[in-house]
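After this come two complexes, each holding chain A, first together with chain B and then together with chain C.
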Partner chain A sequence: MGRLEIDRLRKTFGRGGDKVEAVSELSLSVADGELLVLVGPSGCGKSTTLNCIAGLESVTEGEVVIDGEVVTEKRPEDRDIAMVFQNYALYPHMTAAGNLEFGLKMTTDLSAANRRERVESTAELLDIGELLDKKPKSLSGGQKQRVALGRAIIRDPAVFLMDEPLSNLDASLRSTMRTEIQQLQDDLDVTTVYVTHDQTEAMTMADRIAIMYEGELQQVGQPLECYYRPRNKFVAEFIGEPAMNMLRVTRRGDQFVADGFEYPVPERADGLPSGEPFTLGVRPGAIDIVEPETGVATGTVEVVEPLGETSHAHLNIADTTVTVTTDGPGSVEEGTQVDIDFPAQRAHLFDAGSGVAVARRDGLPGDQTESYPNPRYD
Partner chain B sequence: MAGSTDTTVDGRRAGISWSRIRRYGYDGLTYLVYALAIAFFLFPVLWVLSLSLRTEGAVYTSLELIPSDPSLGSYREVLDSGILGWMGNTLFVAVLSVTGILVVTTPAAYGFSRFRFRGRRTLLLAVLGFQMISPIVIVLPLYEIMRTLGLTESHAGLVLLYIGLQIPFSLWLLKGYFDTIPTELDKAARIDGCNRLQTLRYVLLRPVMPGIAVVAIFNFVLTWSEFVMAYTMLSSGGEGLYTLSMGIYVFDNQLATQWTNVAAAAVVGIVPIIVFFVALQRYFVRGLTEGAVKG
Partner chain C sequence: MKAESRVEDPSVGTRVRRTIADWTDWGIVDRLVSRPLFWLLPALVFITVFQLYPVFEVFRMSLTDTSLISSEESYVWLENYRRLLGSERFYSTLRVTGIYSIASVVLQIGLGLGLALSIDYGVRRGLRGPLLTRVVVLSAWIVPGIIIGLVWRIMLLETNVGVVNNALDRLGFGIVPFLSDAQLALFSVVAAGAWRGTAFSMIMFYAGLKRVPDELYRAAKVDGAGPLARFRYVTLPQLKPVMFVVTILVTIYSLNSFDLIFALTNGGPGRATEVIALSMYKTAFNSYQMGMAAATAVVLLVVTLTVTAIYFRVFDISEEI
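So, the complex of A and B:
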């Protein structure tokens, strides 16, 4: 069991005029066995939140509850958690086995033989049996990461905390380890809070993602829900690669208009006031290149980035850059004029001032329900 | 056609030979500077060794580095004069001082490196400020304090003085070394159930060992050869309390200075330090450079 609840967590650093609020009024609930990814840009408060859960940072206000027990004032070792760090943080003078065993030695009264047994079974699980007698210095990045994972697993904690565990690995190894961690988390069924700034990791690994910005929680939900139904402009731009195109538009009657761009107001946005400015967002993958004179805007192709199966074309539409994901090579050429269009369901609208999403789409692609409930955790 | 090819080839050859000459020139110059530096530092040591192996008469008459009529007589005389006792005293004082310095500065450096507390910067600067004061300037007040405490004419008093005087430098050096060790190790240790002291003892002490070795070697060498403080605190206490540097001074101060004996005593005093330093210089160099570069 490992249900984690964070209730109105606030963390400030410094005093007086230098006071910085790293996390403000954060409330989150992570179900038993769930993998929640905390994602956001550098300095958004995600690592501070993780440190507060771990007990490595004191909490300014609010509570951390694990399995119904308030642990806010407890020391890290009394919280039934284990943590994996970005730079592995393996003890350099101990062998891999020593690193795995150390936590058991300090927190349990298991006999040396029992500890050794646990070390061996953990090593077997992670396929690091032959590395047990080696010191961290002689291990590769991936091997170090496995040992660091083993050090967390061996404690059999209620909650795993992972602080950007893959960001020191090269791209190919990162993708392999991503799958392995997911598999491991599934097998062990341990509640996990995983911090990353990499939205690909967040999207692919998470049961749910929690997106943070400037210490505040922006949205919590299943990855696809955050992708298709972002709650605000920040989430819309942060999730998805390449980033969502944003156009400043004004409603005039039944059209959203901007320089060189006109788009019929979708049915769901009928209630929005006329004459007001909005931000219209559309993902590069949602835009189609259409026959001349049939699109909602015409743009000049300035740069094409070929990626193989697809290309990213950067269009200039009345001095605004719009990125379009097109088919592979040859579909568009630099310097030509093209027309674009996109379905109303894929248009996102945000309040021009606050950035809050207005007239959000219902449901997700291929989903007929009004909203998108999380079958496992809602 | 052939002529132009020759020119090209010749030109290239000429270029290679010039670059080689330049490189050899630089190398030669580097070695020359090294040789001069080594000679500058080594010559006095070799000269003392040479003096110690001469007869007293040859000290004034010969300029040979290698004595034509070497004698171990002065060594015999020096060893009979109580120098072994003085060496014992020095070893006792040096070991206790180094131990004391490490016991105080290791946890202090850990604290200054890891905790952010009110007045931390001021305290660190105050410690640095103390380091700026030459011990010679405060030797008289220190003597007065030690006399009031009844700690003059005792090795314990001298050890306390050495510890106090050497804390600032040692603390800064060790703190710089602790700063190079990632704080994630502390966090991992806390998650693994260590309190702060256990974190220091089980997790950080080993990685910081090269830094500790530097502090130990540096202070050992310093206390082994220190004279002013030792003389001030111990000179009225009789020869039995003397440290090595004071003992050599005694030879120097005899009615007719026996230079061969002074030289032999100096050699006897230097040898353990050289052995100690050569044995541990790997740690010394590593510790100094790591602390300096990353700290």
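So, the complex of A and C:
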């Protein structure tokens, strides 16, 4: 059982001129049993945040609270956390069993027999029973990762911390392990903070995702919420593959206009001032290719990337590249002229200067979102 | 024009090659060059001339009564060994060598590891001191042993001129006979040797420590291991291969050490600090008994090889890395 709260966490490295602010003013709360994925581009401060939660880095300002207890000044082993590292970090001279057992040996006074029992039941859970007597160097990447997971699970911590645990595995193993971790987390019902820079991992695994950029939290919310209702341009572009198309437009009366582009202002955006510039974002998958002369813009198909079931077509519309996800082969030809259109619900609008989303849509496609039980930090 | 000459060039080359081929049989060269032996030859020649032959020569000499002052030489076979193994001096030097080597290994590994750990700690924490420490300690290693011997001799002189005794004198202690008391002299020799050799083991250990991934320490911290447990369960096992190499090298080096002791005490007082290598030197160049000295050398070689073989057994590095 563990509820994790981070309150205005700040972490700086170095002094004077070399000072780097890795994390600034980060506030988050993770509910008991929740899997929160911390995602963001390289260098945005994800690992630093995790290390601060773990107690491996001291905190410059702010508080870390686990289960109602302030642990900011406590040592890692007194925080009731366990961590899985990117490079497994297994002790190379110990067998898999030794690796699993080490934490118990250090922090509890269980007898050797009791420890062995725990090791065996954990190994069974992870299906690594036959590997217990092997040393890390004779294990495959996936097996090492399982042992590393086991080492965290066996201590039965209040909070699990995982720093890019799958990034060293190949693509197919990664997706298997992804499901497995998710299931395991579900079964064990342990509060988990999972760091990744892979937005697919974030979208598929998370109960909620927290998106960071340059040390600052950009948005926290359920994956689909972040996908359909991004709070700013960064989130909109970071989540979703391929990235959202962004167009500079100006409102003129009841139209958003740009070179060779004209789009009626959606109802919810009626309040936006006329004559002002905005950024209009639309996901490649939301755009349809329509009959000539009926679309909002006309473009030349420059490149088509076939993916099988679908293709990505890159159109040139008045010198801007717009990516469109189309049906499989044969739907568009390179070099032809096509018209595009998209539904008003799928148009995202951002302030041209700050990138903050304006006139966001109300709900997700289908039903309405429940508001999250703890909206304090969102 | 140019194009023409380019076309002609190869034909000139072919003609030249054909002419040379008439003089020599290129087939032999080709075959020779494709043999591994050809490429090993320089190294083989070097080792044979400069290492194997001298060893053989020493061994042969140890069976003779070769002397520096007479040109006659006859085979006495095992007589030298019999005399050597029957002499009290040999056992005394063996004992001194043993004490000196064990003390050296213990001190140099202990001090070297301690220094390396503190430097590594500093570096991992981004402190400034480590570079200076490394330079200072390393400088001890760059200076030749014979000079270190002399420097220590000056420091330990048993008059007011000696740096250490001068200091002790000022503090109100009496003069300490660092070099003339049998036990203190051995102690002084060990101290000087450790002072010099620590640099080497420090560098080796530091290189080993740098290879320990930070993540292992962090994993151990999360697992609840304190500083001592981290040293015991993470650092030490990771250092095992380095420990092996350092132990072997320091042992071999101290079993064979000569220059520093030669300069510091010359084996004295009496034979209190006379190690095997030094007695070998004295036998050869003070008593002129080359055959006897050669026999001593052979015994020293056997001792060194035996100890090394024991290490290989005890350490069992087959499993490491």
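Methods note: the second predicted complex is superposed on the first by the 367 of 378 C-alpha atoms of A that agree within 3 Å, B and C clash if a C-alpha of one lies under 4 Å from a C-alpha of the other, contacts with A are read in each partner's own complex, and residues count from 1 in each chain.
Just so we're on the same page, a contact is a pair of C-beta atoms (placed from the backbone, for glycine too) under 8 Å apart; a residue touches a chain by one contact, two chains touch by 3 or more.
On a predicted model such as this, the values are computed, not experimentally measured, just so you know.
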So, on chain A, is it clash or fit between chain B and chain C? clash
Applying the touch criterion given at the start, work out whether A:Ala54 contacts chain B, chain C, both or neither, answering first, second, both or neither. both
Touch check for A:Gln183: first (chain B), second (chain C), both, or neither? neither
Tell me which partner A:Thr336 touches in the superposition: chain B (first), chain C (second), both or neither. neither
Once chain A of both complexes is superposed, is A:Gly103 in touch with chain B (first), chain C (second), both, or neither? both
So in the superposed three-chain picture, is A:Phe85 touching just chain B, just chain C, both, or none of them (first/second/both/neither)? both
Which region of chain C runs into chain B, 2-10, 20-28 or 128-136, after the two models are superposed? 128-136
Which residues of chain A are in contact with chain B in one complex and with chain C in the other? 51, 54-56, 75-77, 81-83, 85-87, 89-93, 102-103, 106-107, 151
The chain A residues in contact with chain C across the complex are 51, 54-56, 75-77, 81-83, 85-87, 89-94, 102-103, 106-107, 151, 155
How about chain B: which of its residues touch chain A in the complex? 182, 184-185, 187-194, 198, 202-203, 206-207
For chain A, which residues are in contact with chain B within the complex? 51, 54-56, 75-77, 81-83, 85-87, 89-93, 102-103, 106-107, 151
Touching chain A in the complex, chain C uses residues 213, 215-216, 218-225, 229, 233-234, 237-238, 240, 320
